[in-house]
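Same chain, two partners: chain A is paired with chain B first, then with chain C.
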Partner chain A sequence: MTNVPTHAASAEVTPTDTHARGPLLLLIGSGLLWLVISGVLALITAIQLRTPGFMADCAWLTHGRAQALRESTFIYGWLANAGLAVALWVLGRLGGSPLRGLNWAVIGTLFWNTALAVGLVGIATGDMSGFAFLQLPRYVLPAMAIAYAAIAVPGVLAWIGRRNDTTFAAQWYAVAALFILPWILAAAQLVLLWLPVRGVVQAIAATWYAQAAWTLWLAPLALAGAYFVVPKTAGKLMPNYDFASLGFWTLMFLGAWTGGRHLIGGPVPAWIATMAVMAGSMLIFHYLVVFLNLRIATGSSGEAAKYIRFGLLAYILVGVLELYTSFRSAALGVQFTFLAVALEQLALYGAVSMLFFGAIHFLVPRITSRPWASAGLAAGHRVLVSIGIVVLLVALCAAGSTQAGLLADAKVSFGEITQRIGLPLLGVISAYLLLLAANLLLLVNFLQTALAFSGPSVQPQTLFRQPAALEGSAT
Partner chain B sequence: MSSPMHQDKRVDQAAVTDESLMAAHEKLIGKQPDEKAHYKLAPLALLFLFSGLIFFGGTYLGRFSGHFHPKVYNEYAMPPKAGEVAAAPAVDPIVLGKAVYAQVCASCHQPNGMGLPPAFPPLAASEWVASEERAIRIVLYGLEGPIKVKGVDYNGVMPAAGPGSGFNLSPEKIAAVLTYIRQEWGNTSGPVTAAKVAEIKGKEGNRAAMKVAELEKLP
Partner chain C sequence: MKNGPVFFFGLLAAVGISWGGIVLGSHYQLGSLAPYYDDTQGNAFPLRPQGVASRGQLVYADLGCASCHTQQVRRPGFGADQARGWGERQSVARDYIFQAKPQLGVARLGPDLMNYGGRIEKEKGPAAADAIYQFLYAGSAAHPAYKFLFDDKAIDGQRSTKALAASPAGRQIVPSERAQTLVAYLLNSNTTYDYPEARPFTVAAKKEEAKK
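The block that comes next holds the complex of A and B.
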């Protein structure tokens, strides 16, 4: 085995990466900016839960609107931009040629973020739709679906024009996520906002979208990054990789069917909630395969691997807990409490965001040909964000389990319950403070890295060690 | 080919190249578990587990799906058979009668059934309530003119409450409210059936309010 690159494409950093620098940095930068804005909004909503009078005089930031703003900036601002950057980069790397059609991505990013900003003003002025995960007013949604498709163009071109006939798990998940969001976003806005279906079907459609946005869009984006970065940093073959495609298709076929668990006890036909148990139990196979494949992350070194280990643990936990809460008896104690919020935060922050952080930490030095500006800021972000998420989940679970017990007791008034969970809610506020501080560190570190045009230019050869060939790849 | 930068903590080093990563994993997919005629345990265990999960999910769905019927909301229920009309749930006449009384009668006769002299006579311990024939006719058609109840004279107008009147109570509701009145406030008369109310309505037809003189001919 030799360390000398045989041809240019086998070097760790190639023109493939530097070519995509601008568009990918634009996506990541917008994502991090929205993440910080979402963090401020999260802080406001958390304080309002404890002190209802906070900002109550500001119509734009009353609790319902601030909550919708927080959710929309987090999902469509942070997760969408960051996830697209990861997916495009993975598809470019594995496609083997520089990304084509990057102008589409740049224009798409500008339109996506402009439409999002307009939509957020719409929410603040009272145009929110009222559906979870789809709070943006309908007049920006067509533009967003089209803008997303435009950003996806380079990724799809890289997939179609890939040099290798063989495909890799990271590519499947990335391509799936690129195609799925425009479809579910178009379908959901059509049946919920433009030609709204009536009655119970509306609730079913809304939960279908909310579940699909997480299982079919955000989870595949996160897995695309993980399936690439984990074996790259671990330098090992993924165990049980022959089951990876079965795990992928299990998620694709069954992912959205688990949405029925949100409708337990609602006026919907019994089979819809029952279907969630069926889909959830079969999805256990998907989570098991992901765990078996990516368990080599324990042998990875570096900051990215630390994020990814946290994210994978959270991801597996989400799968188990989603199945558990699909059972009607379990849902009785979880629905309408902070436990449901905790599960959502575990999925969106603990799993997806942490996997994105890991992938971004790995890819930014490769597209900028520069190391991160500060190792301290990077480590500080990782430590703070990990602690923040753990504190957030513990506090939400404490509040939720107290609520679950007291809400079932008719003798306890609602006001008394709110008072009893005051202490856990203080924990939630401090967790959001930690997360905001952490994400500010990341934003500063990112901006210093991305904008350091005058800094010393580093040759990729000196920055990155020449990677070896993976054992077993020789023909 | 190692430089000081390679130990830089600000960069995560990759261990393997993209090409070898893809090539090595592609080879794994092509490999059959029975190559060289011995099965590996892990793939078999995974397949068994997957089958088990499908079995559990399928069984659970079959048991608690209500046959995918759109009108089955309880996971333990079965869909109604074709042509079967769902049986109307039995209504407690006392519960229905109390509701009708509160809605229609209580404003004059009072919630405690004591009436409001001099216009509205009491129902509690009233000899008129004890007579089924008279009570049904009064509720159906109303009552005009003076009436003596428990030795006290009352003079008012009671509006009709039967079918076609302003209250438009069905025979079932009239039967329920009379059943309620005849066992409440110390009254001990028996229940009134909707059939009896309908029978009297058929006998009397559509007519004006009852007079005391007419009622006194009845048992």
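The block that comes next holds the complex of A and C.
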């Protein structure tokens, strides 16, 4: 642990933390396991892009399916489990009393992960739904919506029974994410898989879901962690905090409207793309507020803060780039190329995952009341994962811009395009190798920390430096 | 933010408005889009695909073909879709009304397949189906082979009429039922009819309309 111990940390580990240890560790552990599995699948798909024959004879892992498996394990395996752990912990902390109804969370976690595993086998054997962000077959989706709601129970109870009259930004984002996913999951599967709407309306509804899952579910989960951890690691109050609620509601009301940028030039009504530009322009206000509130992250110290600085920078960048690519002239070059993949990876890996890593790094020692088993592994993960993400984004952008240029020239064949982007794709493969190695380090470190019941529990005072008075620093 | 119910209903409204606006709004606009009846041809377009071709779309979807191929032609002048020969006009919502699961696609690692059937039939004539089977079986430098869609078996008695021409001596490579529906679907992909809404918008056309 790199935090410098001081005398002021007596209340740093509270019963709130240790009480929820088991359920939260179960969520984080499942998340990390899925992250590693997703990393292996990412490697397979990246190799397939460069060498199409790779594993082509295996029907379960043909490129289209491997791609859907990678995406589903990443979103519903890693991001969902880890994000729920962060949200529950934040709500418990700010609610002021130990989490109640934790059995619901444990049962929910088991059902969620079982349903996901069944769904993945379904994708591999030919039941893939075919909609981006929602590739899981329809027979597991109702169970997943209910399991998610069960996991959310302790968080909602902590929100309803909170001791303080005042609420904090971290709480708004966490509660919003807990409520919204079951709603959007139910609304999307209804119109896509149970009572499918007609023709291209399906594509529009799928785009709505993908954008809502990102702006109303994943981004709020990540921001809940960031809004909680940043003031603590910086040891300062958040500046311009009065704007935080406006920033929150801007995201909630406008976020899902910005998905139309994926449909520019397609067989859909033009107003969908126009609404995306309008909503995206106004949404810049949200990103500005996040920047103003959390700019104190620059002065914070510790490993967790380093992850979070990376994640916040990526998050702001996503906001700007999403707006930029909503314009038709920009979309023309980005659409259908690796540039679009790069933007998605910037959001899901660079922003959300890095913010989760930071929050997890901060909370695991607090719920286990012992430091990370190995400071070396922790630092190694952070360095490797940061480099991995940067290499991934650079390689994807290089591949994407080459591809965009060649696609515009009708004389260039697809065989030639594949050949010309071979080198950047090699970069993508090495980036996924780095990320897989990094996440294995994190998994090992986490298991050592979580399972070290025999080791001596350390006095909290020696672990943390944050003064307890900063608990409610959000005001 | 102190008021729990207001917060809750605020969230509900935020999600509900976006869902209502985008999903229900476009459903209201396009959900009851009817085929276009052309008096001069005495037929309504798009033509309803045959059963086997419809089922092929589900094979296309479950193999994830859409992760590399789009099925949407953008308007002339917006991208090189027309120059690449993918279609003379842009794709419009009416093209998809009989499709169970429209596969608009997200990436173009391979060509657009909106009019693939029409293209390959023009090129290969009656041998088009064989050409697609052969390509699916053997793959290329930029496309994986889908050998698991075929049965490679010894010739037992008579050779199957569906066996690939390029089967090795003494053996026959027969497309599975899934491969047959997929190819029927691909051959069926052709949007020839020029709907009024698909014509490029020009100032001249607008003036003409104003005169009427």
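The working rule: the second predicted complex is superposed on the first by the 453 of 475 C-alpha atoms of A that agree within 3 Å, B and C clash if a C-alpha of one lies under 4 Å from a C-alpha of the other, contacts with A are read in each partner's own complex, and residues count from 1 in each chain.
Quick note on the criterion: contacts are C-beta pairs under 8 Å (C-beta built on N, C-alpha and C of every residue); 3 or more make two chains touch, one makes a residue touch a chain.
All values derive from a computational prediction rather than experimental measurement.
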- Report for A:Gly130: first if it touches chain B alone, second if chain C alone, otherwise both or neither. second
- Partner chain in contact with A:Gly350 - chain B first, chain C second, else both or neither: neither
- Task: Determine, under the contact definition given at the top, whether A:Thr166 touches first (chain B), second (chain C), both, or neither.
- Result: both
- Message: Is A:Pro424 touching anything from chain B or chain C once the two structures are fitted on A? First, second, both or neither.
- Response: neither
- A:Ser245 contacts which: chain B (first), chain C (second), both, neither? both
- Item | First, second, both or neither for A:Gly400, with chain B first and chain C second | neither
- In the superposed arrangement, which partner chain does A:Pro269 touch: chain B (first), chain C (second), both, or neither? both
- Intersection of chain A residues contacting chain B with those contacting chain C? 166-167, 245, 267-269, 275, 328
- Query: For chain C, which residues are in contact with chain A within the complex?
  - Reply: 1-2, 4, 7-8, 10-15, 17-19, 21-23, 26-27, 29-33, 61-68, 70, 72, 74-75, 78-80, 83-85, 90-93, 95-97, 99-111, 139-148
- Query: Contact residues on chain B for chain A in the complex?
  - Reply: 1-3, 5-6, 8-29, 31, 42-43, 46, 49-50, 53-54, 56-58, 60-61, 64-66, 68-75, 77
- Query: What residues on chain A touch chain B, complex-wise?
  - Reply: 3-4, 9-10, 12, 93-94, 96, 164, 166-169, 231-235, 237-243, 245-246, 267-271, 273-275, 277-279, 281-282, 284-285, 288-289, 292, 301-305, 328, 361-362, 365, 371-375, 378-379, 458, 461-473, 475
- Task: Can you check the complex and tell me which residues of chain A touch chain C?
- Result: 48-49, 52-53, 56-59, 62-65, 67-68, 126-130, 132, 159-160, 165-167, 172, 175-176, 179-180, 183-184, 187, 191, 196-205, 208, 212, 216, 245, 249, 252-253, 255-257, 259-260, 262-263, 265-269, 272, 275, 328, 332, 335-337, 340-341, 407-410, 414-415, 417-419
